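Next come two complexes, and both contain chain A; in the first it sits with chain B, in the second with chain C.
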Partner chain A sequence: MNIIVCIKEIPDPEATIDSFRLDQENKALVSSSKVLRVVNPFDEQAVEAALRIKDKTGAKVTVLSLGNNLDRVVVKKPLHMGADELILLEDGAFVGGDSWSTAHALAAAIRKIGEYDLILCGRQAADTNAGQTGMGISEFLGLPCVTVARKIDITGNTATVERVINNGYETVEVALPTVITVSNELGQARYPSIKNIAKSNSIKPVIWQPSDIGLKPEACGMLARRIRTASLYLPVFEATCEVVVGETIQEAAQNLAVRLRLERIL
Partner chain B sequence: MTDDRHVMIYGELTEGGLASITKELLSGGEKLADNLGEELHVLFVGDGITERAREALAFGANKVYVTHDTRLGRYEGDCYVAFLAWAVEKLRPRILLFGNTDVGADLGPRLGFRLNRAVTTDCVALEVEQKTKTLLRTKPVYGGLAMAVLTSEGFPQITTVRPKSMSPAERTGSADGETVPVDVSLIAISPRVKVRDRLTEEAKGVRLEDAEIIVSGGRGMGGSEGFKELEKVGKLLNGAVGGSRVAVDNGWIPTSHQIGLTGTIVAPRVYIAVGISGASQHMTGCARSQRIIAINKDAAAPIFKQAHFGVVGDWKAVLPAFVEKLKELG
Partner chain C sequence: MIDLNLPYLTEEHKSLAMLMKEFCDREVDLKKLNEIADQTIPPNVTSADLRARMPWDLVSKAHDAGLRQIAAPAEFGGGGYGEDHIGLGVMAEVAGYCGGQLGRLFTIAWKQMAAFAYTSKEIAEEVLGDFMNDRKTMMGASITEPNSGSDFLLPYDEPGVAGQYFTKREGDEWIFNGDKMFCTGGGVSNYLTIIVRTEPKGPLSKSVTQFMIDTRKPGWSIARVNDMMGNELVSNVQMHFDNYRIHDRYRVSPVNGAFEVMKSRLAGKSLHIFAVIGWAERTWADMKEYAMNRIQGGKPIIQHSNVGMLLAETDCMIRHSRLFLYQDAWEWQKLGQGQMRDVLGWYYINWYVKRVLMRLIEAGLEIYGGMAPQKELTFEHWVRVHLSIMHGGSTGFLSLVKAANIMAKGFTPTPPATDALYES
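Presenting the complex of A and B:
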């Protein structure tokens, strides 16, 4: 069984606003060098989902990512967790894309890989928060798609998936090959192991440029965008906080209670 | 000149009638339709829902389209996308709005790719660009650290809208307008995905989405013991209890109580944030609360930038005194 997991390298989503700068010219938020690069957390859970299947069935797990100057420490993390191969769509032409161009390039790469039973993605990326790439890949490849999975079981040629819905979950069945997007409810992703780190030292990432996947550079990244950014701005918070004080913390707390009652807030 | 006209909403229903997201889209959609000088339509997909769907006419819709087909009796993405792709090509809306709900977030993007149209998701404000009659969509990115205004070409203009980002439409006196049945009996739909089972878990106490008051805890709670204290406050105020991603990841509170980008998005009357620093990931989920009260021992915590009232101090000292005083005041 062959599983392909798509991952995205992003700035740490727990970073605060003071570590970013607005680049008006390129309409982009630029993170300072202090901000760590990480695997998108949802994609890490997609890797975990693949590895859980591998644990049971011995599947081969290929990781696929897209960008330019990708941080090797970041993109190799899935190998350190136990994945088998790493393919990077790495070229200046891949930069600055949207859901459309990204899904299009990933689908072209998956077509080139050729042998696959299951394609896993995170439900969304924590930076752009669009949540479309997995669905796009499925449409480009003509495959079914099951979104926001919290559990995946493979029996023979069928995936049984628990997917998160409002106030609960549903169980669906789909024949392979299929695309499945994974949600945080899947649970904690495993940590890299010393064994896998050692093993992955010998795994060289395969690098593909647009021509390797049959695409012209202008059919990738920024030039292939379908969504344009008219403007980008930092939100202004209107609230001015009234910090309630007192002689002691307890008194401040009591004063807060009184204040909120007076204002009829509580 | 384009044949693509009118604003269309993908309508959602609950047992009780129109889903709150649909009322929100009705108010947002009406403004767009007025701006364009066009009509507001709602499309409902399902089986035996005509009576409930008709209610949208009383909330400002000019026309309600509704299916009546056993194959569409319950939501399944593969099937619904196939139907919608057909319906949209037939009805040719200029603008098509989905809620960014479990259904809309699954349906909108897939429909877009199927129709060869770009989709924006999770937008919080919409405007018509007069010259092109396309949508300017405002969307929080980087977990709310920045706001992007996005555009695309081609019709229909498709977007999903974040719940609670628009005020719901009010019921008007009149319910003029027509209900148009959509006959889908001739459309072949062969779903590749089969729904075996659907389980909804009834939340204990007040549901987060419905709560007027929410008491929420984060990293500063330090453990599940702290959440027992929050439960007491929640009970006293007849509110619900929520938590940040850190609290959920640590197992201090169940996933279903998570508030934020990856959890539930809430907009209660009062949001009490205890031991929550205010990472954008979390604030995305609660920024539209009418009043935010912050309790945090770190005076420099970003939460105080977005809160209306606050106390600087360890919750272990603050909460008991706060609760006692509230009880005393009756």
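Presenting the complex of A and C:
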């Protein structure tokens, strides 16, 4: 069985707010060079889901990531956890994309990999929180997609997925190949193993550029965005206090109720 | 988090550092560890009492993550990183930063692993077998004596002056009688490396031998617990030996040759300093965050020049310490076990880190003001612990005395310094 897991390198979600600066002119959030880069935590859960299947079935797990100047300490972490292969779409052309252009490039890479039974992604990236890439990949590849999985079991050519819903979970079955996005309810990902860390020194990831996956640079990254950021700003929180009065307490209360209704709070 | 963008660190080192960070983030409750260390030690405490205080669940999880045994030789199931001084150093630093008290809990065990380069395979199998199979197996160390502290460490080498006549040989056994004062891990450790005088009249540097003793054998007792203003998780006790017998096969140095062995293993001792610096970096980061949020005179106090300058000064000192430590570790690693390019650097770092910690304490008192001694801040716990472990014997001015002694006598490094260092 062949599993592909898509991971994203992001700034540490636990970094303090003073580690970031808002570039309003370019509509970008700039992080300090001292901010740690990490694997998107939901993608780590996707890796864990893949490895649990590997533990049971001996599946091969290939990890796929996209960006430029990717931190090898970050993107190799799935190998340290037990994944088998790492493929990087690494080129300046891939930078600055949105969910569409990212999913488009990842799908092209998956087509080039060729053999796959299961594609796993985190439910969303913890920096942008768009949650679209996994579904976009399934659309490009013409595959079904099951989202926010908390448990995945494979029997033959069928995946049985428990997916999170508002008041619990539901169980769905889907034929392979399929795309599944994984949620944090899966549970904690395993630690990287020290043996794998020592081994990974000698592992060189496969690196592809746009031409390797049949794409022109203008079909990737920022040049292929379909979402335009209109503005990016920090919300301003102001506190003002208006006292609602009345001749009596009852009248004041009535006036307050009307006011709250007019403000669409009630 | 500490800055991992140092030229000394490989990708592998950084990955190990991130593993340590992840472990600490998931498993360590800093406040709880501090509370455990601060528990009152009752009079007449026993070894069983001291062991009962240890956070064994955390130690066990560290074993599951491969961290507890990372310095043990690979052929015994360990991580095999015993000679990777930079790798262990950065992990110790992160453990100190992210895990506080946990840092030294790791480094006390890691440091002892170097002893197995000098033991027989049989002893390594016995001790490391215990260590790997029983997660409550601890290892510690002991050097000083009640009447021989700094003169044991200098060493004060007048013949027969320093160190009690402590150990004599009968056939294949050595018999210990006397007291060892500050036994790190004493009371909780199953095995201790211990240095004892074996030649009664000679200069100390040529009269001591190192052993690995098994505390489960009879013939020793806790004379007193060194109950300090800031205790660590691992206890420190005075051990009294009364006809304690140990077979010669547990000797880990040539007879009367312990000082030469100690010199070759100084790198291990620097692991403690890495952990200390990591914790200091965390303390500094907390101070900075406080200064950025505390408003006085209409602005954050970090914008008041006295506070800003204190933070800048202590940040500079911490950064220097780090570079000093990594450079030392790199030299050890480059030149191989037992080689030392410049032993003066090792003594300087011991002295300098003490200065850094004292200055950081001063800075904290200024920055936190009336809050400094409040128990709700972790600063006061950190101060108490570090005033307790920055003792003069192995740090501080005694290190400068040692450096001065070496300068006075002259020092020829082995191999020749420059060639070995810059060979690619």
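Everything below uses one rule, namely that the second predicted complex is superposed on the first by the 237 of 266 C-alpha atoms of A that agree within 3 Å, B and C clash if a C-alpha of one lies under 4 Å from a C-alpha of the other, contacts with A are read in each partner's own complex, and residues count from 1 in each chain.
As a convention for this text, a residue touches a chain if its C-beta (ideal position, glycine included) is under 8 Å from a C-beta of that chain, and two chains touch if they have at least 3 such contacts.
Remember, predicted model here, so these are calculated numbers, not experimental data.
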Per the overlay, which chain contacts more chain A residues, chain B or chain C? B
For A:N26, decide between first (touching chain B), second (touching chain C), both and neither. neither
Now for A:K77: first (chain B), second (chain C), both, or neither, which partner does it touch? second
Check the residue A:Q188 against both partner chains and state whether it touches chain B (first), chain C (second), both, or neither. both
Identify the partner contact of A:T57: answer first if only chain B is touched, second if only chain C is, both if each is, neither if none is. neither
Is A:S211 touching anything from chain B or chain C once the two structures are fitted on A? First, second, both or neither. neither
Thinking of the overlay built on chain A, is A:L36 touched by chain B (first), by chain C (second), by both, or by neither? second
In the superposed view, which residues of chain A touch chain B and also chain C? 16, 188
Using the touch definition from the top, list the residues of chain A that touch chain C in their complex. 12, 16, 18, 33-34, 36, 72-73, 76-77, 80, 188, 191-195, 197-198, 200-201
Per the touch rule, the chain C residues reaching chain A in their complex are 1, 3-5, 10-12, 14-16, 18-19, 22-23, 26, 64-67, 70, 79-81, 289, 292
Which bits of chain B are touching chain A when the two form their complex? 76-78, 101-102, 105-106, 109-110, 112-114, 118-122, 136, 139-153, 192-203, 207, 213, 237, 249, 255-256, 261-262, 269-270, 279-281, 291-294, 299, 302, 304-314, 317-322, 324-326, 329
Chain B-touching residues of chain A, taken from the complex the two chains share: 11, 13-14, 16-17, 20, 22, 27, 29, 42, 98-100, 103, 126-132, 135-136, 138-140, 144-148, 160, 164-175, 178, 183-185, 188, 226-235, 237, 239-245, 249-254, 256-261, 265-266
